[in-house]
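For reference, the structure is listed below as C-alpha cells.
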Amino acid sequence: MSVVVQSIERADRKVIEALGEAGVATVHEAQGRTGLMSSRIRPIQQDFSVAGSAVTISAPPGDNWMIHVAIEQLEEGDILVLAPTAPCDMGYFGDLLATSAAAHGCRAMVLDAGTRDTRDLRAMGFGVWSSAVSAQGTVKETLGSVNTRIVCAGAAVNAGDVIVADDDGVCVVPLGRAEQVLEAARKRLQGEADRRARLAAGELGLDIYDMRPRLERKGLKYV
Amino acid sequence: MSVVVQSIERADRKVIEALGEAGVATVHEAQGRTGLMSSRIRPIQQDFSVAGSAVTISAPPGDNWMIHVAIEQLEEGDILVLAPTAPCDMGYFGDLLATSAAAHGCRAMVLDAGTRDTRDLRAMGFGVWSSAVSAQGTVKETLGSVNTRIVCAGAAVNAGDVIVADDDGVCVVPLGRAEQVLEAARKRLQGEADRRARLAAGELGLDIYDMRPRLERKGLKYV
Amino acid sequence: MSVVVQSIERADRKVIEALGEAGVATVHEAQGRTGLMSSRIRPIQQDFSVAGSAVTISAPPGDNWMIHVAIEQLEEGDILVLAPTAPCDMGYFGDLLATSAAAHGCRAMVLDAGTRDTRDLRAMGFGVWSSAVSAQGTVKETLGSVNTRIVCAGAAVNAGDVIVADDDGVCVVPLGRAEQVLEAARKRLQGEADRRARLAAGELGLDIYDMRPRLERKGLKYV
Amino acid sequence: MSVVVQSIERADRKVIEALGEAGVATVHEAQGRTGLMSSRIRPIQQDFSVAGSAVTISAPPGDNWMIHVAIEQLEEGDILVLAPTAPCDMGYFGDLLATSAAAHGCRAMVLDAGTRDTRDLRAMGFGVWSSAVSAQGTVKETLGSVNTRIVCAGAAVNAGDVIVADDDGVCVVPLGRAEQVLEAARKRLQGEADRRARLAAGELGLDIYDMRPRLERKGLKYV
Amino acid sequence: MSVVVQSIERADRKVIEALGEAGVATVHEAQGRTGLMSSRIRPIQQDFSVAGSAVTISAPPGDNWMIHVAIEQLEEGDILVLAPTAPCDMGYFGDLLATSAAAHGCRAMVLDAGTRDTRDLRAMGFGVWSSAVSAQGTVKETLGSVNTRIVCAGAAVNAGDVIVADDDGVCVVPLGRAEQVLEAARKRLQGEADRRARLAAGELGLDIYDMRPRLERKGLKYV
Amino acid sequence: MSVVVQSIERADRKVIEALGEAGVATVHEAQGRTGLMSSRIRPIQQDFSVAGSAVTISAPPGDNWMIHVAIEQLEEGDILVLAPTAPCDMGYFGDLLATSAAAHGCRAMVLDAGTRDTRDLRAMGFGVWSSAVSAQGTVKETLGSVNTRIVCAGAAVNAGDVIVADDDGVCVVPLGRAEQVLEAARKRLQGEADRRARLAAGELGLDIYDMRPRLERKGLKYV
C-alpha cells in the first residue's frame, strides 16, 4: 500500500515560472475556479511567491518519515506538498529538513499540518505554506506514500502538478492543463491592466461591465 | 427587498479623524464597550489605522455584485463594510475593486468574508480588515442591499456610522453618538497618560486604583 | 479558594537565558516532547524570543483584576502566564498593564485569551503570546489566584517554571528539570549543527539516519 | 448604561402560535431570508418546536445575573434570548433558572452561550437552544441589560420580536412584521403541499419550475 | 465547464448492500484506511446505516440548483453527494428535495454543507449526513456539475463510487475496488468475531496480539 | 520516559457512587469550579451518568497502543481517560476495545480524541465521552504512558482521581478531595431542593437571594 513513485512528469520550466508570476488569484480564475486549497493554508512569510512541480507526500498524523523519502525524489524547482491522513497540527517540517530539501532543489513546502523553526525558515528564504505553526515534533514509525494522488486542504494533487503559492494561498494546476491555463491567465492579466486603468480613472464597474440593465431586471431599487 | 439607499448622513470629518486617532480600544471603552466586531476580523496589514463613514453592503455568500453598486455611493473618506448573509470565506475583494473604490474616495474595506490580492492591497496602502484571505473569486448573480442596516461580525452597523479600525480590530460608533463618544475618548486618553506615567515609575495599579481593601473584602488570601 | 502565593522559587538566571537561546522547538524535544502550549497561542510580534520565570495567574473569563495583583509579585526576568477558567477571547492585557509589568521587571506576557494595544506593545518591545487579539476590555469584579498551578492552553504550569517563547510558540520547562533539559538541549544543538552541514551538502537523511533497511522491512515499495 | 425596559409590546398570541407551526425554515423564507441565527445555535432536545415573544438579555461573559432580573419581566408565552457581550461557552442556564422561568410563563431559552443540567431540562420539557453545553457555572457581579436591542448569534433581536425555534435552529421575526410574515408563510406552505405531491409522484423540479431553458441558456452541457 | 455526465457505471447491488452491512469503520480499514470523509460530516439521525452508488454534485456556495439537475440522473439505490466549491453551512437540502429524490430511488444525501427540515427528514426515514444544520435557503443562479469527480469533506469521490454511511461517518469505496474491499472487509469481520469473544472472556489484547515483547523492546517501563 | 504505573490509589467506592449521583454540574460547583473538561468533550449517548476512578493514558496522535496496556491495569469501577499529546480526531476506541475494557471492570471511556463503532457502544451500554466521532483507525507504533499525570481537554488528571461524567460533560475530582467535595455537593443539593420548590412556586431569585439592593447599588435602571 505504501509506495514511492520515482519517475514523474513535470511541466515546462518556463510555463511554471510564468504561472508563478501570474499569481494564485489569476491562475485560479484562469482555470475555472478549481484547484484552490482551503483558506486555512497560510504562508509563514509575507510578500513571497513561488511556483514549482509537486512532489506529493501522504503521511500519517504526527509522522514525518516520508519527507525524508520524498527529498530523494526532488528535482530542481520542485515543491513538496504534504497531506496528513487525518487532521494534525504538529510540526512536520523545520529548518533541518528545509536545508536538506533546498540542497536537492526544492523551492517551498506546502502542508496541511504544522511547521516549526519559522524564524529560521524565513531567514533562509525557504517558503512555507501551512495550516499551523507548532514546535511539536513528529515520529518516524509508520509508512506513507510519495508521488501518489493526494487531497491536500481540499484540493486534489497529483505528482507533477504545478503548485502556485503566494500571499493569497495555494493553487494546484493539473500538469496536463498548465499551458492552457497559462494562456487563459495571460488573457486575464491583459484585460485586467486595461480595466485597472479605467477604474483608477474613476469609471464605474457598473458601466464598464454594463451591469445597470441586469440589476434593474433583477429588481434592485434605488431609494 | 433589495435596495440601495442613496442619501445617507455622515459624521463631521474632524470628529471621524479624531476617533481614528483615539484608536479602537479607547473608542470601544469610551462608548460603554459596545460596537466591537468579533476578533475573527483581522487586518491584512500591520501598524495601520483608519476611520471613516460606513457604506454598508449586505451580500449573498459568494457574490460580490453589490460592491460595484456600493462604490457608486461612496464619498471621500468612506469605508465599505460588507456582511455576507451566511458565513463565507471567499475572496469578495481584491486590487481591482480597491482601485475603483479608492478612486471614489474610499479609505478601507471591512468584511466578514475573504479578501485577495493582499500583497497588492498592502502595496497600494489600501486598508483591509477581513475574516479570511482567499483567492477564491465570487459571482455576480444575486442582489443584496446597500446602505441598509446590517450585522457584521456580531456588530450592528447603519450606513453613516463611524468605523474605526486598527491593529486591534474594528469598532462601530453610531452616527448620532460620535461626538459624545469622542469626548469620552478624550477624557480616557488624558487619564491614561497620567496613569501610564505613574505605572512606568513603578507605582502599582493596586495602589493607584485603591484595590487592596476591595480585594481583602472579597476574600483574597496572601500566603 | 483565591490565593496569592508570594514566595516562589526560580531557576538560575543563566540557565533560563540559555534555554531561551536554545528556542522552543529544541527545548520541547530536549524534555521529551512535553510542556508545549497549543498552537492557538501565537505571538503578536515576529522574530522575537524570550525566556523567564512564570508568575501564574488563574482568572475568571472577562476579568483581569488578578493581573494587577500579580504585577506586585514580579521580579526581574519574570513572565506572566494567564489562563482564564473558561475559554475567552477578550483583551485582558494592553499597553498600560505592560508599562506597569515592565516597570517591575516583566519580560513578556503569555495568555490563553485576547490582548489589545498590539501596535503599542510591539513598539515597546514587550513580547506577547496570546490566543486572540481583541480590543474588548475586561472587568475587575471576581477573584482568581496568583502563583498557583494552572493549565494554560493545554500545558500545566507551576509558578517558577521556565517559560520559553519564540515564533514557534510557548514551552514550559518544570523548575526542577531546567538544568537537565538545558544539558539535553545543548546536546541536540551540537548534533543538529553537524547534521545541518551534512544535509546542506546534499547528503540524504535516508543515509545519515540509516533509514533504508527499516523502510524496506516495513514494506515500502519503490515503483 | 444598564437598563431594564419593563414594558414591551408583544405580537398577537394566535399569530405567534401560527408562526411556530409554520416552522423556522418556512418563516425564514417567508420574511425574505432574514433573521436566522447562526447554525452554531443547536437545540438540546429533538423533535421540539416553540414560538414566543423575546425578552432579551445582554450579559457579560460568565455572568448570568441578568437572567434573574429578566425573569421578573416575563409574561406567559415569552422566550428568553441571551447574548453575551463576548464569546462564552459557560453554562449560564440550568434547571433552577428554568424552574423559575417556567413558573413565570417562559416557554424556552435561546442563548449564544452554554447551558447545563441538560438531562433535567429535557425531562422538564423546557426547550433550550444554545451554542454549547457546559457545566461551568457563572458569577453574579456585573450588570447587563434586559429588553434592549441585542445581536444574538448574528441576528438582531428587539424585545417583543417573535422567536421561532425548532430542530433547524432559531429565527427572529420583527414584531411589526409578524402578521405579514405569517401570511407569506401560509402561502408558501400551500404551495409546498402541492409541490410535495407532484414531486412524490416523480415529477421533476426541472419541469415543475421550468428550469430547463434557463439551464441551457447558462450553458449547462449534458454529456 | 458545467457538465452533467448522464451515464455512469455502478457497482453490483449485492456488493453495495454487503459493504453497507460491514459498516464504515470496517470498510475504511478494509481498504487501507482511505476514503473517509472528515469527522465534521455527521448524521442527522441515529442508528441508521446506508450504502449506495454516488451521484456527485459540485455546487457553488449557497446555490442548490444542481440538486434538481442531479435528481434526474438518479437510479434506484443511489446516494447524492454534494461538495460546495467553498465552505458553506447553508441549508441546501430539505424535505421537498428529499421527497423528489426518494421518488427517483435515492437512499440518502451526503453533503459538506447544511441541511434543513431535519425533523421531517427523520420522519421520512431519509438519511442525511451533513456538516451543518441550517434553515438558511439557497438560490438557483449559478451552474455546477453533476457526476464529475469532486472532493467532498477531504475525500475524492467519482460518480458511481460506493458510499457507505452510518453513525461513525461516511466512507467512499472506489467503484473498481468494491469487490476486493468487500472481501477484505469480510475477513476482518470474521477475525473480529473471534477476537471479540476472547476479549469478552477477559483475555488481554497484549497477549492475543503478542504485544509484550515489542513493548519491552521499545522501552516501556512498568513501575 | 514511557512508564506504566501499576499500583494506584482509588477513592472509596461509596464516595465515587455518590459523586456520580450528584452529577457534573453540582460536583463542579462543590469543588470551587475546578476540574471541568472543555465543552468539546461530548457524550455519544444521552441520559447516561457514570463515576469511577481514572486510569490515565497519554498517547501519541493516531496511536492507541497504550489503551491495550492500560486495560491490564483496570479494576472494577475504573474509567479510562486518554489525552493525545497533540490534537487528534482519529477513532482511538471502538467496540472491540470496549469489550475488553468492560471485561476488566471498566465503566466508561473519556478521551480528547475520536471514538468509533458508536452505535455498538450505545447498544453495549458502555459510556463514551469524546471530542469527535471518527471511523479513522489508529496505529500501534509509539509508546505513551499509563497512570501518569495528564492534561485532558484542559483539565489536569492524576491516576485514581474520581471522574464524574453525564450529559453536561466531564469533571475531575482529585483523589484526596473526594470526600470533602462530596460533602459540599450534598449541602448544595439540599439547598437546591429547597430553592427549586420556592422558584417553582413563583418566588423570584431577586428576592430569594436578596439581589435588589446590590443591583441598585451597581446602578441598574428600570425604565
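Things worth noting here:
The first chain written gets the first letter, and so on, giving A, B, C, D, E and F; residue counts start at 1 in each chain.
To be clear about the criterion, a contact is a pair of C-beta atoms (placed from the backbone, for glycine too) under 8 Å apart; a residue touches a chain by one contact, two chains touch by 3 or more.
Predicted model, so just to flag it, every value in this text is computed and none were measured.
Just to note, of A-E and D-E, the chains joined by more C-beta pairs in contact are D-E.
Centre-to-centre, using mean CA coordinates, chain B is 41 Å away from chain F. The mean-CA centres of chain A and chain C are about 31 angstrom from one another, to the nearest whole unit.
With centres taken as mean Cα positions, chain E sits 42 Å from chain B. Counting partner chains per residue, chain B shows two or more touched chains at residues 1, 33, 85, 87, 89, 134, 136, 142.
Chain pairs that touch, as defined above: A-B, A-C, A-E, A-F, B-C, B-D, B-E, C-D, C-F, D-E, D-F, E-F. Remark: chain C residues 60-63, 85-90, 134, 136, 139, 141-142 touch chain D in the complex.
Across the complex, chain E is touched by residues 2-6, 65, 68-69, 71-72, 89, 91, 94-97, 99-100, 102-104, 114, 116-119, 122, 132-137, 140, 142-143 of chain F. The touching residues of chain F, when paired with chain D in their complex, are 24-25, 28-29, 33, 36, 39, 42, 46-47, 49, 166-169, 171, 192, 195-196, 199-202, 204-206, 209, 211, 215, 218-223. Those residues of chain A whose C-beta lies close enough to touch chain E in the complex are 1, 32-34, 38, 85, 87, 149, 151, 154-156.
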